[in-house]
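What follows are several structures.
The following pair of complexes shares a single chain, subunit A, combined with subunit B in the former and subunit C in the latter.
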Partner chain A sequence: MVRLITHNMLACHVRNCNKDNFPLIFSEVELVIRETPENLDFIRRFLPKLDWTALVDTARSLGDTTLPDEQPVEMTDDQLRALHHVLMEMHVEEGNMTCRGCGHVYPISNGIPNMLLAEHEVGR
Partner chain B sequence: MPKPVPTPYIPPSTDPSIAEQSTVHDVYEAIAPHFSQTRHKPWPLIDRFLSSQPPLSLGLDSGAGNGKYLVTAGSYGLDLIALDRSAGLLDIARRQSGRKGVNGDEALWECVRADLGFKGWRQGVFDFAISIAAIHHLSTPLRRQEAVQALLQPLRHSSKRPYARFMIYVWAYEQGAASRRKMGAVAVVPDGQTESAEVDKVQDVLVPWVLQAQEGQTESQVFQRYYHLFVAGELRDLVSSAAEAEGYRVLQGDDRSGGCLRGTDKWLRIRAEGWEADNWWIEGEVGLGEVDRQDERTPVEADGNGQG
Partner chain C sequence: MPLYILRVSLDHLTFRLPSLLSISQTFDFPIRFVSEDKFRGILVVELAHKKDVQHLIDRGTLIMWIAELYAQAETYDDLHAQLRERPDLFDEYRQRTFKITPEAANYHFIGSRPLEIVKSFAYLDMRGGVELENPEVDFVVFEDYDSETIHTHEQRLARDGRFRTVYFGRRIGFSRARPLVKEQSVKTRAYYGNTSMEAEMGFLMANQTLARTGKIIYDPFAGTGSMLYACATFGAYVMGSDIDGRQMRGKSKGPDVTPGMLRAAAQYGVADKFLDLLTFDVTRSPIRRGGWVDAIITDPPYGVRAGAKRIGKKSTRKTPLREDPYVLEDGTFAHTKSTYVPPFRPYELVNLTLDLVLLARYLLVPRGRLVFFLPTVTEEYDAIDIPVVEGMRELKVGDGSVQDFGKWGRRLITMEKTAEDDGEMPKFEDQDINSLADKLPAHHDFARRYYERFAPRNNSTPDVPTDGESAGSS
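Entry: the complex of A and B
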């Protein structure tokens, strides 16, 4: 259950990979929609931290086209609900996240992304 | 079988991460379910730290283990992401209670498998961060410092209240009289190494974990976990050096020099620290520019037995 909110916070951390290292690209995804209690205040609070373009591109790659290209300046409750669905209810259970910059693949298994790197790959 | 006792840790000549694989990571994978059964009750200071976070805050638990603080965080209306190296412990953590689903169901917690030094979080995403009884498993000063840096990097940096806060707990070298841990000064030193004065203060130890015989097995297994035991002042120094490496101005307690900070200067303030039940803990906050001291909340305080 990598939710898209978590995916929106994760970048590649391979040593010297600092271009196109975010967002990671999903592939071979098993997607599960889990209804989650709506908390629009939580979504509002997260808005300043959100990378909108990354979220929209990622949601579309997973088949959800409910979000507009540009982040609305003032979000209506309906827009917040659409955002809640994308951020909190779309879970990737299995699959891969690939870095566009260096090609590193982070596998997702049992809903848990594996961000471990071999010691020589870690940036210091 | 005699009860196993802690022994001094002899640093390897190879890469410390390889040694940690066998003395920390492999052990936790092997003992995960048993370890988890022994870790239920939240420590009171951490409970109070979490209860003082604004509702709907999003936090990071770095080295979350079985995720017992997810339950605490959930009870205060917080969201918390569990990071750990052990897949076995995360599998327990994700199913911890306290996260409300629909129709009264329980929902799963969000977990990420990574090292304590993980630098992949985007900056500014977390409102608070905790690292409880984890950083003492790293076997060099540099690796411990990198773990603290990794804890600070994704915190939200605000120019006004509420500032992002963090709390770190590590095992202490100094033990209370009632301690059930017998290590450090009393760790058994192998014969022939006792003449050196330094062995009186063994801070790097292997602590045994006895896994009772499971069904189908006749003998219990003993695993050795690596710990670095912190001495007084060491945790504060560690946080200070991590902060300086990250470009923070470090403010202590009532330090008012924050007044001459400019708008884009990052600062880190140590709010409180102490010793509690064989652990050292520290609580701090980070922000940008002039420190806003309005509406100061008191930091958590040790219940009676704090010292320093």
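Entry: the complex of A and C
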């Protein structure tokens, strides 16, 4: 953990940070690949919830180049398998996620990201 | 359509029908409750297809075993008469090894009675031979007695045969879910906290979420993860967040340390089902979009010592929240240190409950479910306590499911998202408590009222707490 399926659902939520707050940029990453049983129906069903461009850019930043620039209209099983690998099997165990908008750094340790905001970042 | 008898636990009676209905909804099969009295040790149900029995066996934690019903009667004479007319029921099994097991509710067999009962079925003409250890066919004779307090041996003997109903059926299987309650007991779990919920409740809640393979279930007050193990065991992907990361991790720190929750998940063989664990305040959440979570399951912390918290400062504090980062003497920002923790303030349960329903309205997929425990002062509870939110509705069987501890209880709330759209992320603003309808919800200020032994609200003199019980959670 952090898996890319979750990372794709997360944006910087610092008060008034609403430009370039997604996706968060990984750095100083310790990446672990863990095989996970495939459930391609699940992947197919989740597809409409994903931001494809953010996912492709993030996967590439971690060295995985299997996903095409444009989201295929119909996914083949091989493409779904590649997607399964990217979403479910790539775990960022250590490192940082940084917001391009405000620069907030969310550190990850033992696979758990700390996304608690600081006092001055929550507003009110 | 075939009838089945479910041998069911007499514990948690208000959870019985909701949990069976949820299993049928999870796997999309019809179930009809046939028994007139649905709260005895045997429940007769009608199922459209034989294969649906397996789902009840796999998921029914309150079920002990299930049998195909062949006959039921108030007397043995009537039972035998019915069975004599249906030799066709036995044709398929006539050449198989078999056994006949007498069992009972609220009664214990002694002496030669079980043997006499078995002998009375000789006319069934089973020819495959008796096999006590591993019979191919397992018939069960079940006597259902009323509960009674017995003082003498004579009273005990006088009860023989004075059951309300006797059932005869072919046992299809024992519950595979019920043993999980013991296997995943908090006592033997690799990681738990002092407020971890007992496994049985976790499984009952997991059934309410319609957990199954391919679903995503999220606990926004994950604590030590009590309910997530049950959901993952039922095949779902699970995700947890908590404002206190130590709850999910445990005390150990440093590189290569496996967080406590993942150690327990590995113990149960479901570590790969744990999508992610994240530290954040649910009222200041980094989740960027709605409409993708299949269910939210949670037991919000309402304990006397460990109530819910959110980022902020108590209204009684003179200094407001900082507008600018705090700069340390060495010129660096305090919040960039790994030891930094923002100030927290209490998260009043009335606000939390409304926020939870609003969050579910946003995060859930259409017809996704919100399942949570609400502590409540028994005498004051009113249906109005459940927040009414457009796009969400409560699913309730009878008077609902309650774990009753006397003056207070835990009410299990199940809600469904009826809206089709995602809507907006809730604002998580405090409600003006004084403006709330005519009366305060029974869970308002729950921790203090627990401490005061639930003295009426107009009497503010607290009893001295004797303690022993605790109102902890999650």
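As a working rule, the second predicted complex is superposed on the first by the 122 of 124 C-alpha atoms of A that agree within 3 Å, B and C clash if a C-alpha of one lies under 4 Å from a C-alpha of the other, contacts with A are read in each partner's own complex, and residues count from 1 in each chain.
In the analysis below, a residue touches a chain if its C-beta (ideal position, glycine included) is under 8 Å from a C-beta of that chain, and two chains touch if they have at least 3 such contacts.
If you're wondering where the values come from, they're calculated on a predicted model, not measured in any experiment.
In the superposition on chain A, A:105 makes contact with subunit C only, while subunit B stays out of contact range.
Contacts of A:115 after superposition: both subunit B and subunit C are touched. Legend: residue contacts after superposition of the two complexes on their common chain; A:41 is shown touching both subunit B and subunit C. Of the two partner chains placed by the overlay, neither subunit B nor subunit C lies in contact with A:52. Shared-chain residue A:94: touches subunit C; no touch with subunit B.
After overlaying the two complexes on the shared chain, residue contacts for A:22 are found with subunit B and with subunit C alike. Within the superposed three-chain model, A:10 lies in touch with subunit B and with subunit C [touch as defined at top].
With the contact threshold set out at the top, residues 1-3, 5-6, 9-13, 22, 34, 36-37, 39, 41-42, 45-46, 49, 110-116, 119, 122-124 of subunit A are in contact with subunit B in one structure and with subunit C in the other. By the touch criterion given at the top, residues 1-3, 5-6, 8-13, 22, 34-37, 39, 41-42, 45-46, 49, 51, 110-116, 119, 122-124 of subunit A touch subunit B in their complex. Those residues of subunit A whose C-beta lies close enough to touch subunit C in the complex are 1-3, 5-6, 9-13, 22, 34, 36-37, 39, 41-42, 45-46, 49, 94, 105-107, 110-124. The touching residues of subunit B, counted against subunit A in their complex, run 15, 17-18, 56-58, 79, 81, 85, 87, 90-91, 94, 100-102, 107-108, 110-115, 117-122, 124-125, 146, 154, 156. Of all the residues in subunit C, the ones that touch subunit A in their complex are 213-214, 237, 239, 243, 245, 248-249, 255, 257-259, 262, 272, 274-281, 284-289, 291-292, 311-312, 321-326, 334-336, 338, 340-343.
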